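Alright, structures below, take your time with them.
Shared between the two complexes below is subunit A, which pairs with subunit B and subunit C, respectively.
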Partner chain A sequence: MRRRISAYGLTFSLPLLIWQLLFFVFPLVFLIALSFWTVRNFRMQPDFDTVNWTTMYGRAIFWQAYGTTLALATAAAALTSVLAFPCAYAIAFKLPNGARRWAIMLMVIPFFTSYLVRIYSWQVFLSDAGIINVMLGWIGLGPYGLLNTMGATLLGYVTLALPLVVLLQLFSLIFLDRTLIEAAHNMRCGRLRTVFAVVIPSARVGLVIAALFAFILSFGDFVSPIYLGGGDPTTLSILITDTTKSGQQWPRAAVIALTMIVTLMVVAFLSVRFAYRGRK
Partner chain B sequence: MMTITNKAGSGLTRRAALALGAAALATPMLSRRAFAAPTELTMLAWYGHAEPDMVAEFEAANNVKFVPKYYTGGDNMLGLISQSPPGTFDVILSDAEYVQQLNAAGYIEALDPADYPFDDFFPEFHKFPGHWDGDTLYSVITRFGFLGVAYNTDALTQAQASTYDLFWDPALTGKVGHFDWHLPNLGQMSLLNGNPSPYDIDEAAWEAIKEKTLTLRPQVGGFFDYGGTFASLNNGQMLAFAGIGDWITGTLERNGAKVRSVIPEQGGLQFTESFSIGKGSAKADLAKKWIQYITSPEGQAKSAQMAAYPCIVPSQKGWQVLAAQNPDEARRQGMVEGPGSAIDLIRTGRIQYRQLPVQQSLEDWNDFWSEYKGA
Partner chain C sequence: MTQAPLVSFEGVAKRFGSYIAVQKMDLKIWQGEFLAIMGSSGCGKTTTLRMLAGLEAPSEGVIRLAGKPINDLPSWARDTPMVWQSLALFPFLSVIENVEFALKMRGVGRAERRRRAEQWLDRMQIGEFADRDISQLSGGQRQRVALARSLVVEPQILLLDEPLSALDAALKVRMQSVLKTLQRETGITFVYVTHSQSEAFSMADRVVIMSRGKIEQIGTPQDIYRAPRTRFVADFLGASNIFSGKVARDPQGRTVIATDSGQFALPGNVGVSGQPASLTVLDTRMQIHDQPPGGARNSVAARMVGEEFVGATATIYFETEAGQELRVQKSHEDLAGLPLSIGQPFHLSWAMEDGHLVQE
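Take a look at the complex of A and B:
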C-alpha cells in the first residue's frame, strides 16, 4: 500500500532534501560540467570537451597517485580499526558506567582542537631533532628519519580518524546483546575466542562503518601527506592542488575530484553491503 | 545654587557656561572626518602587505581601513579575481609574470606614469617588462627578491652553497627540500644547465632540464608549501632548499634560525611584486594614493623591512632612507650601493627574471613537475 505524503512528514524531510540538493547534488552537477570545460590563457570557458578526462587518465602520475592514495587510506582504515578496537572494547566491557561516560568525553575532546594544529605538533615529536629522536639519543640510538615519510603520513591519518573510530566501535559494542557473550562463556569459549567468534561478528556493522569512515577521512586528507609526509609520495589531494596551482586547470582538478567521489561511493557501497551481508 | 548673571541678565549657570565653552573649543574637532567611519580599501595580496606594520600609518593619515584578501601564488590570485565581481579589489599586488594575465583578462586599470615616483627608482625599474603594454603602464613595481640556494648555516658553508650542484651532494640525501612550485625550481635547473634565458629555451634544452632534474629526485626529502618550507628549514629537517630565497630565509634569520640564502655561481632568479588598481574600483583615487605612499622613499624603506617577509626595493632613495633607519638590514639585504649589492648583481648579469615559459606551455612545465614529484 502506498503511503500518502503528509504535511507533517514533509516538514521534517524537506529541509534535509533541500540541504542535499543545495550542498551535494548541485555542486556535484557543477563539478561534472566543469570537468568538460576548457582553459585558454588562464581563463576557464564553458565547453563540452573530453580533453581533461583523456589528459588526466592518460597520465601515469594520476594512476600512481590513485594507487598510493587507495593503499594509504586502506592501510589507515585497517590500522586505525586495529588500534581502536582494544580501546573501545575496554571502555564498553571493562569500565563502570561513570568511567565510561568520562572515557567517551575524552574521546570527544580531540575534536576541540584544530586538526592542523595536532598535525603540526607531531612535527615536534618526529623531526630529526624532535622529542622521539632526542629520547632515543639518550640510549645511543638514532637519529632516525621519522618525519616526511609514509609512516608519518599514516600516523597523521590515525590522528585524524582514531577518536571517531573508537566512538563508532564503542557504540556498536555497547549495544551488543551481552547474553551472547555469556552464552559463549557458558559453553566454555575462551575470552579471546569469544572476541573473535562472538563479539566481532555481532558488532560487524559498527566496526565496518567505523573503518569506512577512517577510509573516507584518510582518502581525501591533504594535511597529513603534506605536513607529515613532506608531499612525497603524491596523493590525489596533492595532485588536485598541483593541478590548480598552474594555469587555472580547475577542470582537470574536477576530473580528479570526481574520480575520488566515485571511488568513495563504490567503497562505501561495498562496505555497507559487506556489513549487512547475511542480515535481513 | 550659585549663578552667574551676565550684564545682559540672561541668567546662565556656571555649569552651562563651562559646557558652552567646552563645546565652543571642541567645534574645530567636530569635523566630518573625525566622526566619519574609515573608508574600506580592499587589497588582494600575498600575506603581510596589509598588516599593521605596513599600513597602520597610511590608514591613520587617510582614515582608511584595509580589508585584505591574501593569496598564495599567482594562479590562486587569478582564481580569486575571476570568481569575484568587478570592483571587488581596489588594490592588487601581483608577481610580474601575472601582470600580463591580469591585463589580458581586463582585471586592472591603466595607470598614469606621472603619478608615481619612477625618478626615484634605479633606471632598471623605470620600464619593467610585463608592467607596461606598449607605452601604457598597468602596474608599479614595489619590491623584488632573488631566488638562489637556501641552506642551513650550521651544516653548510656559504662556499658550499654557492653552486646548485650542492643539491646533489650525497651527504644531503633526503635533506634537500623543494618549494612546491615548478616555476622557480625548474628555472634554477635551467640556469644550472647553462641557459642564459632560463625560461626561453628550445625543446632540446627543455628535455635536458627534465633529464637533469630527474637525477635530483633521490636527494629530495620533501615538497613543501609556504608553511612547510618555513617549518622544515626552521627545525633543521631540510638542510638545503631549492626554489626560494631571502624572502623566506631572511624572515627566519631575523628570528634567529641558522639559515641563509646565497646567489650561486650559475646565477639566481628574480621575482617582482607590483601594485595595480583593480578594474571598476570605486576608490581608485585612494588606491593610487596608497601606491604613491608605498613607492615613496619612506614607504619603500618600510616595505623592505616588512614583518611577513623582507624584500629588496627598487627605489634608490628608498635605499638611502633604509640605510639611515636600519643600516644592518640594508647591508644584510644588499641594499647598500657598491660591488655585491642587489643592483650590482642585476647589472653584472647574475640575475634573470622569473617568468612564464616562452617556448613551452605552462601545462608542459607543470605536468613534468607532477611527474618529477611522483618519480
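Take a look at the complex of A and C:
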C-alpha cells in the first residue's frame, strides 16, 4: 500500500530527521571517508587509499578480536535471555496487578546508577581480595581468580542488558492473549509444555527483539571487557582504542567501527526477519 | 433417559472474592444432548462452563464427569475440549497444525495425526486451507478450524462459549445448522453458552436459563417458551404478556389471579391464595374481538395504541384501562375484517389453558 507523506506528519518528524542526519548519517559518511585516509608522520591526510582495509583485514588479531566479540555478545544475548525469561514470566503471569507495577518499578531502578559504577562495584566483589573470595576464605576455599576472566566480562554484559531484556520480554508477555494458554491446557498441554509450545512462540517477536538488544549492547561495550575482563582476550571495542592510541591510526579504527556497524545491521536484519517469519 | 448423567453439578457454587458468580447449582447433562445455557452477561453461564473445563475451580460442591468427581483434576487432565468466543486459534501454527495440536499432546504419531486432522478438515469443508496461516482465513473458516481442532480427539463432550457471536447474521444462521447437524451426526454432548435466544432455541434440545448466578428454568425450548416458570424468564424471552397480581378464589371456588385489569381464571388448583404472582399469556395465543366474547374465555378490554408489521405477521399493541400494556401477534389473514385503528376499543381473550402462573 502506498502512502503519501503529509506535511503534518513531516512537521512532527522533522526534528528527529534533522537529528538523525546531523548525528548519524553525516558522521557515518565521514567515517566511511575517513577509512580511506592515510597517516603520514602521525598526521592524517585526506586520501583515497584502501591500505587501511587491507592492513586491518590482513591482521590475525583483528579476526581474533572479531570472533571473540561475536562469541561473547552471542553468549551474553543467550544467557541474558535465559536468565530474564523466568523472571519476566513470573512478573507477567504470577503476580497480582499491584505487585506487577512494583516489579516493573524495581526493574527500572538499575538505570538510576551509571553502568560504569555498577561495573566498578563488581570489581569489589570479584577481585582476589574482594568480597566473594574473602567469604569463600572463611570456609577454607580459594582465593579464585574471578576478575579479569571472560566469565567476568559476561557478567558485566548481563549486568548491562538484564533489566532492559526483562522489561522487553515482560511487555511482550503481558500482551499475550491468555485464552491461548487456556486453550493449550484445554488440549492436554501441561504447564511447562505450554510455555514452550504456546507462550514462547506467541511472544517470539518480543523475545527476539530483547535478545537483539542484549547482543547490540554487549557487542559494542567497552567497559566490561576492559574493567572485568582485563582487556584479554581483546574485543573490537578495545582494539579501536588501542588503534587510535598507537600512531594516530584513526582511519584504521574507522575500518573496525564500520565492520562492527555492518555486522550489527546484518544481525539486526536477520533477527527481525526470524522474529516475523511466517507472519503476514 | 434412565442412564447416569454424563455431567452433574452437585451444589456447585463459585465466588470471586465477595462476588457470587454462581449460586449453589444442581444440573445434570445427559449423554448426547445439545444443552444451551442462556442468560444475559454476568449471569454466571460462562463461569459454569469454565468450571466444567477446569479453568475455574468451584468454591463449593462437586462436578462429576461420567460419574467421577473432577474438581481436583487440572484442566489439562480433563477431556472437555472447548471452543472459545475468540476461538483461541494459535496464530503461529498453520491450519492443520492447529488441528493436530491436541493429538500431538496425546502422543499420537505424526502420520496418524495428519490423517485424522485432514479427515476433520475435509469434514468441515476446509481441507483446501490446510497449509494456510490462520490470518488468511475468513471468520466462518476460522470457526470451522476451531471446531475441527476440538472435535479431532473425538471427545464425549464439547463446550462452546458464544462461538458465533463474532459472525454476521447470515453466517450465524448457516453455522447454527452446521453445529446442529454435527451434533446429531457425532452424538457428542454439546454444552453451548449464549446470550442469544434464537441460537439457544433453534439448536438446543434443552435450555438452561440463568440469572444472577442462579438457574431460573431448565426445559425444552417449547416448554420454556410456552410456560415460563418465573417472571424473569417471561420477561427475558419477551414473547408473553405479563399480568401482575395476587392469587385468589372466585365465588365458584376456582383459582384466579386478581390484577389491576381484572380477575382471570387459571387452569387447575395452583398457587396459594393471597400470594403475589404473575400470569403470562403468549402474544400469539390472544384473540382480538370488536365485541365482548362470551363463554369461558378470559377477556380484558383494551384500546389499540400501535401496530408493527414484520413480514407475514403483525404485532398490535394495546393498553387496558389500568395502564397495562399488551401485545398480540397475528397473521394478516386473522386481522382482516377488524376495524384496526389507533384509539379503537377492543376485547382481548385467551383460553384458560393458555395462561400460566409464574412466581414473582
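Brief remarks follow.
By definition in this document, the second predicted complex is superposed on the first by the 275 of 280 C-alpha atoms of A that agree within 3 Å, B and C clash if a C-alpha of one lies under 4 Å from a C-alpha of the other, contacts with A are read in each partner's own complex, and residues count from 1 in each chain.
To be clear about the criterion, contacts are C-beta pairs under 8 Å (C-beta built on N, C-alpha and C of every residue); 3 or more make two chains touch, one makes a residue touch a chain.
The model shown is predicted, which means the values in this text are computed figures rather than measured ones.
Taken together in the superposed arrangement on subunit A, subunit B and subunit C fit without clashing. For the combined model, the angle formed at the CA centre of subunit A by lines to the CA centres of subunit B and subunit C equals 150 degrees after rounding to the nearest 10. When the shared chain is aligned, subunit B comes close enough to touch A:G231, but subunit C does not. In the superposition on chain A, contact is made by A:C189 with subunit C only, not with subunit B.
In the overlay built on the shared chain, the residue A:Y8 is in contact with neither subunit B nor subunit C. With both complexes superposed, B is the one of subunit B and subunit C in contact with more subunit A residues. By the touch criterion stated above, A:F112 is placed in contact with neither subunit B nor subunit C. Once chain A of one complex is fitted onto chain A of the other, the partner contacts of A:W138 are absent, as it touches neither subunit B nor subunit C. Of all C-alpha pairs linking subunit B and subunit C after the chain A fit, the shortest spans 45 Å. Across the complex, subunit C meets subunit A through its residues 53-55, 74-77, 79-82, 84, 86, 88, 90-93, 101-102, 105-106, 133, 135-136, 149, 153. Note for the complex: subunit A touches subunit C at residues 177, 179-180, 182-191, 193, 197-198, 201-202, 204, 278-280.
Contact residues on subunit B toward subunit A in their complex (touch as defined above): 73, 75-76, 78-79, 82, 101, 104-105, 174, 177, 180-182, 220-225, 227-228, 231-232, 235-237, 361-363, 365-367, 369-371, 373-374.
The touching residues of subunit A, counted against subunit B in their complex, run 41-44, 59-61, 64-65, 120, 123, 127-130, 145, 147-148, 226-227, 229-234, 238-239, 242-250.
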